[in-house]
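Each remark here refers to the structure printed beneath this line.
Going by the order they are written in, the chains are A, B, C and D; count residues from 1 in each one.
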Amino acid sequence: MNARILQLALVGGLAASGLAVTANAQQGGDVVIAQTQAPPSLDAHVTSAQAARNVNLHIYETLFARDENAVPVPDLAESLEISEDGLTYVFQLREGVNFHDGTVMDAEDVVASLERYREIGASSTLLSAIDSIEATGDHEVTVTLSEVQSTFLDNLSSPRAPIAIYTAEQAALGANEVDYIGTGPFRFVEYQPDSFVRLERFDDYSVNPNYSERDGLAGAKEVSIDSVTFLFMPEAGSRVAALESGEAHVVETVDGPSAGRLAENDAYTVHNVLPFAFQVIKFNHAQAPTNDPEFRRAVMAALDMEEIMAISRPDIYQIDGGWLFPNSPFYNDAALDQYNVADLDAAREHLANSSYDGETLTFIVDNGRPNVDTATVVQQRLAQIGVDVELSVADWPTVSQIGFTPDGWHFWAHGFGIEPFEGPASVIAPWVDGVSMQADDPEINRLYQELTTAMDPDDRAAIFAEFQQHMYDDAVAIKAGNYGLFQVSADELENFVPYRIPRMWGVQLNQ
Amino acid sequence: MADGRLNAVEGLAPHANRLRTLLVRLVANRSIALGGGLVAIITLLAVFAPLVAPYDPLESNFRARLLPPSAEHWFGTDHFGRDVLSRVIYGGRLSLEIGFLVVLATGIFGTLIGGCAGYFRALDNPVMRLMDAWMAFPAILLAIAVSATLGASVTNVVIALSLATTPHTARIVRASVLVVREMEYVEAARALGARDMRILFVHVLLNSIAPLIVRLTYVFAIAILAEAVLSYIGVGPPPPAPSFGNIIANGRDFMVEAPWVTIFPGVAIFVVVLGLNLLGDGLRDVLDPRMRVER
Amino acid sequence: MLSFVLRRLLSSIPVLILVSLMTFALIWLVPGDPASVFLDASATPEQIENLRRQLGLDQPIWSQMLSWYERVLSGDLGQSILLRRSVADAILERLPITLSLAALALFFAVLFGILLGSLAAVNHQRWGDQSIMAIALLGLSIPDFWLGLVLIVVFAVQLGWLPSGGYVPITEDFVGWARSMALPAFTLTVTQIGFIARMTRSAMLDVLRQDYVRTADAKGLSHSFVVLRHALPNALVPILTVTGVIAGGLLGGAVVVEQVFFLPGLGRLIIGAILSRDFPVIQGGLLMLAVIYLVINLIVDLLYALIDPRVRYG
Amino acid sequence: MTGVPLSQKPPLLTVEALSTATGPARRRLTILEDVSFTVSPGEVIGIVGESGSGKSMLALTLMNLLPRSIVRTAGTVRLGETVLTNLSNKAWRDRRGRDMAMIFQEPMTSLNPVMRIGQQIEEVLVRRRRMTGREANREAVRLLERVEISSPAERLRAYPHELSGGMRQRVMIAIALAANARILIADEPTTALDVTIQAQILDLLRQLQADMGMALILITHDLGVVAEMAHRVMVLYAGRVAELAPVDSIFDDPRHPYTKALLASIPTIESRRERLTTIDGSVPTVGAMPPGCRFASRCPVARAVCKTLAPPVMPIAEDHGVACMEPFGYALPSSADLPGAA
């Protein structure tokens, strides 16, 4: 009886605060999410792994965050003033924002966090334009850039390796040495290494009063569940079984056939999170023959993107050659006539003009099935035009080590997801200074420079179209298509809407 | 024959008659016949794969993905739309090749290490200590570690598995060398002034061969099982060439919707390994009745 | 007895040193390092180098090795790079899962292995013998992970009787624990039972031919009593030997089965550490496995004395 | 120990036409053939023969302890009024350790190495004679005293490997006594022991046999032992009975050439432990039995007929049977007209 009265009071309270709660939804509940991998770290600054993002963006928040359309909007920042010359950013911070350890956020925390990120952040180049960071008031931080950077807010709000705000005390600690204390709507409870992470609702969470509902990674993050547990299950079958046995409420990704089966079941909702990433095939420009644009064009002309995508990412792909997601404001169709031509004769012609001389080429790929499948299809296809390719499969650490050196590889396939989400500059960045292809491409360097300094959106759109044209003309790298994830939620979990991460605020568990 | 050593002596000086008895017993042994038969069938299928397989094992057709078994595709198709039967038949090639290479490597290194340890007293203790340490690693973890880190290639898989199976083999060789070393004809050869290496190879090793053959038959079986495990963990021989293990590994993401991709290669492994185990049992019974199931 | 144990413990030290040296050799040979796991594909070499410094991986291998030995001697296995906790804690937390899986499988494999092996020996060269040995051989020939997958499809997915994976601590919920262990333990048992059954059979055949069994028979004792009380205890020595031998294989099998059934045991910890190059965990985990292996063999040696009064340790 | 006309008493054990064989049904190889004899209560019968003559096989047949590869093909064994050969295996088993007990040649291997002496004696008392544990323990102590083992209570806790061979054989005898058997079969009980110990064990056996009045079937290759112990003697050769007679007749008036040869080869004191190998040639092996008299090939007085005709045991005196035609002038007494030779 008492419990019921309490519950009614709570519902009333929430309704008053403006959050829509459906009649049958309840306060409380423990939600379990089955995801593929364990986060390498819960120190948000030091890891750019998707597995870590899923968890960390529940614990930590950033000054600016991406909204539902990936546009940077204030989160921990109340407001921002940018100087005329574009070099000085003055952030007003929200007041009364609580950390999980009970302290209240102030400018010192933000300065310390940004400084820490500049030093050890996994994507510290995001902040490379910064000249100085100063606390210019209790809740005011002034950041000075050394040069104009049109993408600075994009960077600051990047969820890649989030520029999370820690307490000044924590920010003084080295990589992986912090306690997991943030300002987010959930607080860290327990981490069973590569088994699960458990978070609980942070009862003193300071909901952002500037929003009325959730909005991307920003917005009003109202939490009605008690806890969320992220289970790490590398086996696709295990994840589905966990869902079907009621152990898990959300599965981060399931395979196509399972998704099809689950979609027929009223108890589940299958969300097609598409597009989620590009499937990309990279060339090593430091080695013959992949240093030869003619050879690369031969490969590009030969490939049947439908075949690659249907096999590696069954049932959830888009045949699309644009180097941004279709909903992006800078999306364009430059050079798309060169995408997915699947013309073996044209390919043979390019090949004949190239320096390829029958040698065996190495395709490195990590041992994730979709990437291996992509490599396998490419290998089979190239065999038809007489290009001999050998697969070299190893685990991610080995492959990524080889892939950033000029030797030992010609092709490398992997997903390319967070960059197109972040926007045009992030898509170009990996090709700057030849990092991803091991040889400088002055054209790309120039375009990147122009893009990051051009403040006018139309100029930037034109620059990006030029970049896309160049990617195809020179066949710098190949985009096979967009792929997505089948995310599945059990129907007792209400108001779940997929995003870059499975957000657990704004959802209710109907027990 | 009560004592296996006597058989070994027969092996050294093959008396035509005794050799024939041995052959007769080998042929008459039911385990050998059944096991050898199974292995022979799979081997023949693998060798003559191009003639036997109904389809090209690499030919994919994404429009015919994950078809269940039918008259057209007896074992169904995988997620590339490749014929699973053809892949299993061709898969035998790689799996058997890996098994064979592991047997070869284990045979050579196991014999060298075990032989030296058994024959040269000074080497015995240090070498066997090393083998002890080696065996204190679970073999499969050792193989996973080596294969994962060196990269998945047939060569690395063979290296990984050979590393895992060598110490036990060395032990077995050493044990029989210890027995044979003390036998009279070795003493005699030594007295006649034969040089150490010659004694080692000609006499001692030839006579340790029976337990070695039996052990290597089991090593073959172990290698085929372990190859599948490595593939399952994701560190097996790389695509596109099918092996029993990587067909299963390919199918595991579709285990619920398309179990045939996983089940048939598993059955193939089972049949080969069963055949090899039967063969090993039979050889053990005929060649070396002293040996137990320990392996 | 005590001095025997002490001597055995002393003599296992070189083995452990060799194991750790081999692990270092492995780490030294291996390309890739933990830094890459923190970062996605677009990380630059500078970022990786930066992180390597943070993680202390820029030290030369010999200096890493020295400091490792120094710490191990003071009982500290170091800190995991990825798990952000002490390696010893991580291992101790996982150990019960692996040990209970291995112990369950060993228990059932020994129980049913001895039962089947004895039945086969008593019915030597009859129908029962041959069918039992055929079953034992089938068990030996099944790929363990494949059996696990098939069991998951049948019992977890199709029938929904048992969970497909995951682990429930025994302290939390015994039934849940039993359910979570049922399929893994069964998988592991099936693949190990054959070794014990075959060894038991041949040992029992050997023992049943012995004079003292005839003596017992001559006493007019019932046949089952003779088999259980007189023959079996004498057959236990070789059975124990083979149990010691398969204990190593059992740990390896447990590693694979943990992988299939998503049990967060030591095997998963180590495989995860291998794939993410979490060197301290690889070191500590492999060392722990070696210790377990040595302890099992020590226990086996001690059990010899328990079973066979003729064995004495001075 | 001679001359008591025990054979007049009604026999305790009657063995008639017993045969055993091995091998598959189509190619049976005979081991024991047509063995008949009786044992009276309190009688000591010595069974002698070379290795391979089937002595031990006979003992195992009586106990129904034959290995599975060997089967009884014909004949009956009667114990008192009970026809053992008509009983089920289980019922026969129940007779063992109660009516009949046996001690074996190898004391070193005949005791279970992993059980204490006490357990091995007491299990007979508990499981066969339904004693409680305490009673059994007391009785076991008494039995060890009977077999003259010092500090018996202590010995009960010993394992076999902690005892000498002679002690072990005493323990074996104690186990046999524990059964309260009417017939004790001793299969070469002293062969594996040192000479001095042999004498002690034989003394013990003789004394116990006399005290308890049980029948003793003493199997040995040692005619000296037989002379000392037995009332009657049965000589076996290659699975057949050669001669069966009171001990005096055997030693004073042996009629079978094989018995004569045996007596001629009685080893001297010094070489007593050696097996009887002084007869030229050896016992034919199971697969290669000649069709006629099995001793013919080694027999100094064999005639052609001996190679074709196998004589049964024929009475030559009231209590003396012999399976040889020589005493009968190379003719079977019942068949008058046999083709003579030389």
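Going forward, contacts are C-beta pairs under 8 Å (C-beta built on N, C-alpha and C of every residue); 3 or more make two chains touch, one makes a residue touch a chain.
Just so it is clear, the model here is predicted, and its values are computed rather than measured.
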Shortest chain-hopping distance from subunit A out to subunit D: 2
Clusters that remain linked by touching, subunit C excluded: A, B | D
Chain at maximum distance from subunit B, centres defined as averaged CA atoms: D
Contact-richer chain pair [A-C vs A-B]: A-C
Chain whose Cα centroid lies nearest the overall Cα centroid: C
Computed distance of Cα centres, subunit C from subunit A, in Å: 40
Averaged-CA centre spacing for the pair subunit B and subunit A, given as whole angstrom: 46
Approximate Å spacing (C-alpha centroids) for the pair subunit B, subunit D: 54
CA centroid of subunit B to CA centroid of subunit C, Å: 22
Junction residues of subunit B - those touching two or more other chains: 148-150, 252, 255-256
Shared interface positions of subunit C, touching two or more other chains: 30-32, 149, 152-153, 157, 260, 274-275
Pairs of chains found to touch, sorted by chain label: A-B, A-C, B-C, C-D
Subunit A partner contacts - residues on subunit B that touch it in the complex: 58, 60, 62, 65-66, 79-81, 148-153, 234-235, 238-240, 250, 252-258
Residues of subunit A defined as touching subunit B within the complex: 235-237, 240, 255, 257-258, 260-261, 306-307, 310-311, 314, 367, 369, 372-373, 375-377, 379-380, 391-395, 398
Complex contacts: residues of subunit D adjacent to subunit C: 63, 65, 67-68, 93-98, 101-102, 104, 106, 109-115, 123-124, 127-128, 159, 161, 172, 175, 179
Parts of subunit A lying in touch with subunit C, wherever the complex brings them together: 38, 40-43, 46-50, 120, 122-125, 160-161, 174-177, 191-195, 231, 233-235, 237-238, 240-242, 244-245, 247, 394-404, 414-416, 418-419, 429-430, 435-436
Of subunit C, residues touching subunit D in the complex: 124, 209-212, 214-223, 225, 229-230, 233-234, 307-310
